[in-house]
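What follows is chain A paired twice: with chain B in the first complex and chain C in the second.
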Partner chain A sequence: MNNKQQSPVKKLLAIRGMGAALTAFVGLVIIYIAFGLINSAVFSGQNILNLLRSMSKYLLIGIAQSYVLITGNIDLSIGSLVGMSAMISATLMTTGMNPLLAILISLLCCLVIGVVNGYLVGKFKLPPFIATLGTMFVARGIAYMVNGNRNTDAIATGIGKEAADKFQNFFYYGKTLGVYNTFWIAMIVFIIFFFVLSKTRTGRHIYAIGSNVDAAKLSGVDVVATTIKTYLISATCSCLVGLILCAQAGMGNMEAGNMYEMYGVAAGVIGGVSPLGGTGILLGTLAGAAVWQTLENGLNMIGAQVGIQRVVIGVIVVVAVLLDVVVRNGKFGKRK
Partner chain B sequence: MKRRLLAAVCAATMVFAMGTVAFADDEVKATGDEKIALITMDSIDQHWITLNEGAQKAAEEFGVTVDFMSPNTKDDAQQIECVNNAVAGGYNAIMVAANGPDAISSALQEAVDGGVKIVYVDSPANVEASATFSTDNKAAGQTAGEEMIKVLEDAGVTSGKIGIINVNAATDSCVNREEGFRAAFDGSDFELMETQYGEGDAAKSQSIAENYITQGVVGIFGCNEGSTTGAGNAIKASGNDAIVGVGFDKSDAILNLIDDGYLYATMAQNPDVMGYEGVKAAIQAINGEDLGGEVTDTGVSVLTKESK
Partner chain C sequence: MNEVIVSMNHISKSFPGVKALDDVHFELRSGEVMALLGENGAGKSTLMKILSGVYTRDDGTMEIFGKEYGDLTPKQGQEAGVAIIHQELNMCRHLSVAENMFLGRELAGKFTLDNRKMRQEAKRILDDLKIDIDPDQTVGDLPVSKQQMVEIAKALSINAKILIMDEPTSALTAKEIEDLFRIIRKLKAEGRGIVYISHRLEELAEIVDRVTIMRDGQYITNGNFADMTMDQIITNMVGREIKEKFPRVSCEKGKKVFEVKHLNAGKMVRDINFSLYEGEIVGFAGLMGAGRTETTRAIFGADPKDSGEIWLDGQEIKINCPMDAIKHGVVLAPEDRKKDGLCTKLSIRQNLALPNLDMICNGLGVISSAKEDKLCEEAVQNLRIKTPNVEIDSGNLSGGNQQKVVVGKWLARNSRVVIFDEPTRGIDVGAKVEIYNLMNELKKQGIAVMFVSSEMPEVMGIADRIIVMCDGRITGEVMAQDTTQNEILTMATSFENKKKVG
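Showing the complex of A and B:
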């Protein structure tokens, strides 16, 4: 690679996946301005704060799904893990348990499902679609059963108003430095997992498996261990989102996180994470999550009919995947 | 003399006319700048669409803006986002049908703290509002139960199993309807079975109803539109129209089922009244009037084949 005289822009574009991510960011700016021109409230400070907060949920889901997608797998249980985490933490708190302990137990339960996913896909070579479809139903079932098939009471009834306020403010309603905590939480998680994916050996192994799993195995990559790691990361992020939803509503909802795994795929794909595996960077996922949330927020603010939201988002996802396929096999030659 | 009489009559008429106008106006004066956000549980159920129609009628009449900003499905997180969007969008008042008493309370409190007025339609939450317009669900459920007992006893049936299809255990309005319904059967010889939940989905509710019918029920109660539709369709499919179906809410499907005799009656709420009166109350609240959090029962009509 000729590093001499390369402009910083060229260097940036040379990073694999950056092109797709930047395209998504450009798209994001265009969409945001378009909505703002229709309804200036979109530009208001409060709306921006809301956007950053609600985008954080999708960013975390996007990170979860991206890690799995890059290895060429998929995790359909993400949404159910979100619901399970929300229900377990809320139910435990309504019994008066210390929030911290409730959070840890929630996390543990999600990690168990993550390990199961990892083993089924990595060790027993089950098609990831089937394996995680199964755990998706199991986790959702657990979410239903945890509180006897009903949504929980308000967590304040168990741990008291003060503790409930602290919990809810920490994950959702509180601000730090003028921006909602949810955003900072997502940012910290993003930075950590961005680092893992781009700068550590595990990250390189993840890309290797996604590109060519046989070659990766022959090069000494521990496919089973790496696969399990991706599903554990996915489970962790899902658990976190479940806690955020629990804090948002101040109670556990059995249907929490419904369909979130699909939103995770959308966020990743819009940002350049290929569902075929091997490509994509988390920066792209960030752009994808932002695009998704800006669309949802914008369409809501301009009073668009509900069906239109779905159609628009679906079209964008398809276009993003088409671009991915064209770039891989078409105009720019084979990218490997 | 005649002229003086005529003058007196004219004067009296004028005073009388002015008086009637004053009473009819109800003291609702809008400046036209009022922006109201209407957030219901979802944007697809006929009940909410009718509520919105009532609200839009009031909006046109009084010259204010009412924007329908409901989520597409019943989801606490999405409803909270809608409340947040309403606050960020600069609305002066929010008319809301809360999914449940707790979930959106924090978000509503933030809105109140920011000076936004709250009016509850159909289902209140735990935050103090200017006014509430809803159906007394427990009373309506009891009426439904009494209607079912009446029909069964007229047919000579005084005992047997009754199936109840509810939405879920979290929606207060439906839970209250079931409570009222069960109360009507106190002291009777009928056996009320364990409630099953169909999530308000007609198809799921129909499966539940079909199971009830297999177990030999003499009556089925549906707690909302979807549950009622499912119950009626199941009775139709079973071919046994001796089973008494009583339900809640109004829709073309339900009215057809009543016409065909597969359902006996439905408790029709008045969501359009909730919407209309809710907007009026919101305008008054925005303009500084203290409505004192009054709760108004907008009532139900018992719709049967004869009374439709």
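Showing the complex of A and C:
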């Protein structure tokens, strides 16, 4: 083998999945500038801050779903876990419980569902679509039940205004270095899980399972443990988003996080994560989440109705994947 | 008869980064079997995919039945009478035989499908071929050999005049191969042209009329099979003379390394007892489905064991999953490399590193890329894996090189026992010899080698001791130097009770 020094750019492009991620970033820039040209308020500092904050939720959801998608599975329970986490933490805080303890309990509950998902899919070989469809209903049901089938009161009624402000600022309203905390939280999570996926043994096992679970098993990969890990990571990120929504509203909403699992799929897929498993990097998910949020934000800013927003976003998801297929396979997938 | 039905001239085809075909010529006459020979990656499959319209050529001319075709689509190819029987069978496993045969051109009545007519027609074709298959049977339930027959029947049902068979015998038993050859002779007599791609050179004499040889995407030569010696053919394929088809090294037989006692696992692994020693290769011979693969999988922990003991270096070890086996230095290069051996979507690097991550990770599980680079570089060098770099998808490698990656995964470790399950299936002569050399190397290092193979000459040529299995049991054990194919075959077919051979 020749040990030629490759240029950094070439080396970067050689990373698998980087192509799709960079394409998504280019798309992001184009979309952003296009909206900005229509309405210059898109470029305003406050809007950028808002964008970064709301993008963070989708990024976390995207990370959650991407981990599971790369193993070739899917997690439909993400949105319900978001709702469950928001409701449990809010309900506990309205009783006056210490926010930290409330957060821990809510995380624990989410992890339990994550373990159940992991066992059902990894150990008992249930189709992930079915297994997590089940837990999706269960978790949403729990979200309804914890406060007796209604949304919670403001958390300030339980823990007092000061503590409530602290909680809400930490997750949503406060800023560090001029940018909303939500963004920093998402970034820290992103960096950790980006590293785990690309540089560690667990990450490599995740790719191997998604590419060929039989070969992975025969290479000594613990398929069950790795599958459980992906669902635990998914549950953790979902829990975090639940807390962010709780902080944003200052209360628990039973419908919080509705459909988020699908937003997660969209963010991943736009960034080049294949739902068939084995391919994709979190940088792509980051780009995907940003594209998604920029679209939503831009469409809002130019005064598009919700209906048309949905249509545009739906079309973008399909086109992104279609483009990828076309680019990869030559004209319309005729050649391999 | 004997008119030219396919004539391809100056065919070239490039894929990104590779010139797959370069100025290739190919001719097929009616009523003949043309063997298309070459090593893995020589371009045989690409050429045939151009003939059937799966790929379009970059350059050159192509005539089928005297008609010039430009860009041929698969549908046009079918209409021109070209059919491919693929190496990996392309069947809808959940549909019936008749449904598969008429897939895409179902016969319809007024409102619904005319199932009765399709069944009758399927039955007629199958009977015509003297194949005993019920048209209503689900294809997935049939053994591979029968599935292949169904593919042939399907080709005939669309009245294919040109049949391309890609490695049709690689998964068949001797008896099944006889059946296949009978059918090929019949098709030949009917005036159809058959392109026959195979790595099993010894079977060519049975059916082949002419030979076309390719190497590295180029046309080398063609001629009557009868006018060529086997050595000439191999030299033309490989581009160099292969001195020894089965290189053998002799070692002193050392101490006992590995012992399996009373192993039972399901129906196909019954009371298996054997030992492996330092400095010897133990061949496992038998017919397809004799339980050898199941035995290797049970030993390795890939499938559950019902009972039995496994001893390594004088101590009993417990193997409940592949991880346990690997930890003890017992490793398996599995039979089906696409299904069990490789993550085809991942790079060569990722595949090579996968079972060795424990060696290149720090305590926190973070991979050291320097160590990984070194591991990959060594594997590529030692095994002579032909690839521009290790970042390429392993699925894009030729069969022989894929097999080298599967084997290479295990060589970085200090193993005590290496199990090879059909390591040379579907790979070319040159690569086969490299795999043999590798096994010999392990043998010299005192590593116990278990070598499962269905190809008798290979087992007899490489193994020192041969254990024969039949129907899930060990039915004999012989030393390679003082046995004959017949003796092994007798043991391989000593079924219990009244079951017949095949």
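Convention: the second predicted complex is superposed on the first by the 318 of 336 C-alpha atoms of A that agree within 3 Å, B and C clash if a C-alpha of one lies under 4 Å from a C-alpha of the other, contacts with A are read in each partner's own complex, and residues count from 1 in each chain.
As a working rule, a contact is a pair of C-beta atoms (placed from the backbone, for glycine too) under 8 Å apart; a residue touches a chain by one contact, two chains touch by 3 or more.
Quantities reported herein were computed from a predicted structural model and do not represent experimental measurements.
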item: Room on chain A for both chain B and chain C (clash or fit); value: fit
item: First, second, both or neither for A:173, with chain B first and chain C second; value: first
item: Touched partner set for A:23, first chain B, second chain C, both or neither; value: neither
item: Superposed arrangement, angle subtended at the Cα centre of chain A by chain B and chain C, nearest 10 degrees; value: 140
item: Which superposed partner A:204 touches (first chain B, second chain C, both, neither); value: second
item: Which of chain B and chain C A:251 touches, first, second, both or neither; value: first
item: First (chain B), second (chain C), both or neither touched by A:220; value: second
item: Minimum C-alpha spacing, chains overlaid - chain B and chain C, in Å; value: 37
item: Overlap of chain C and chain B interfaces on chain A (superposed complexes); value: none
item: Chain A to chain C touching residues, read off their complex; value: 1, 14, 16, 199-202, 204-205, 207-208, 210-212, 214-222, 277-279, 335
item: Complex interface listing, chain B residues touching chain A; value: 43-44, 67-69, 72, 75-77, 80-82, 84-85, 87-90, 100, 102-106, 110, 168-170, 197
item: Chain C to chain A touching residues, read off their complex; value: 55, 300, 302, 321-323, 325-326, 332, 334, 339-347, 350, 353-355, 357-358, 361, 364-367, 377, 380-381, 389-391, 409
item: Contact set on chain A toward chain B in their complex; value: 39, 41, 44, 46-47, 49-50, 54, 149-151, 153-154, 168, 173, 245, 248-251, 253, 255-256, 258, 297, 300-301, 303, 306, 309
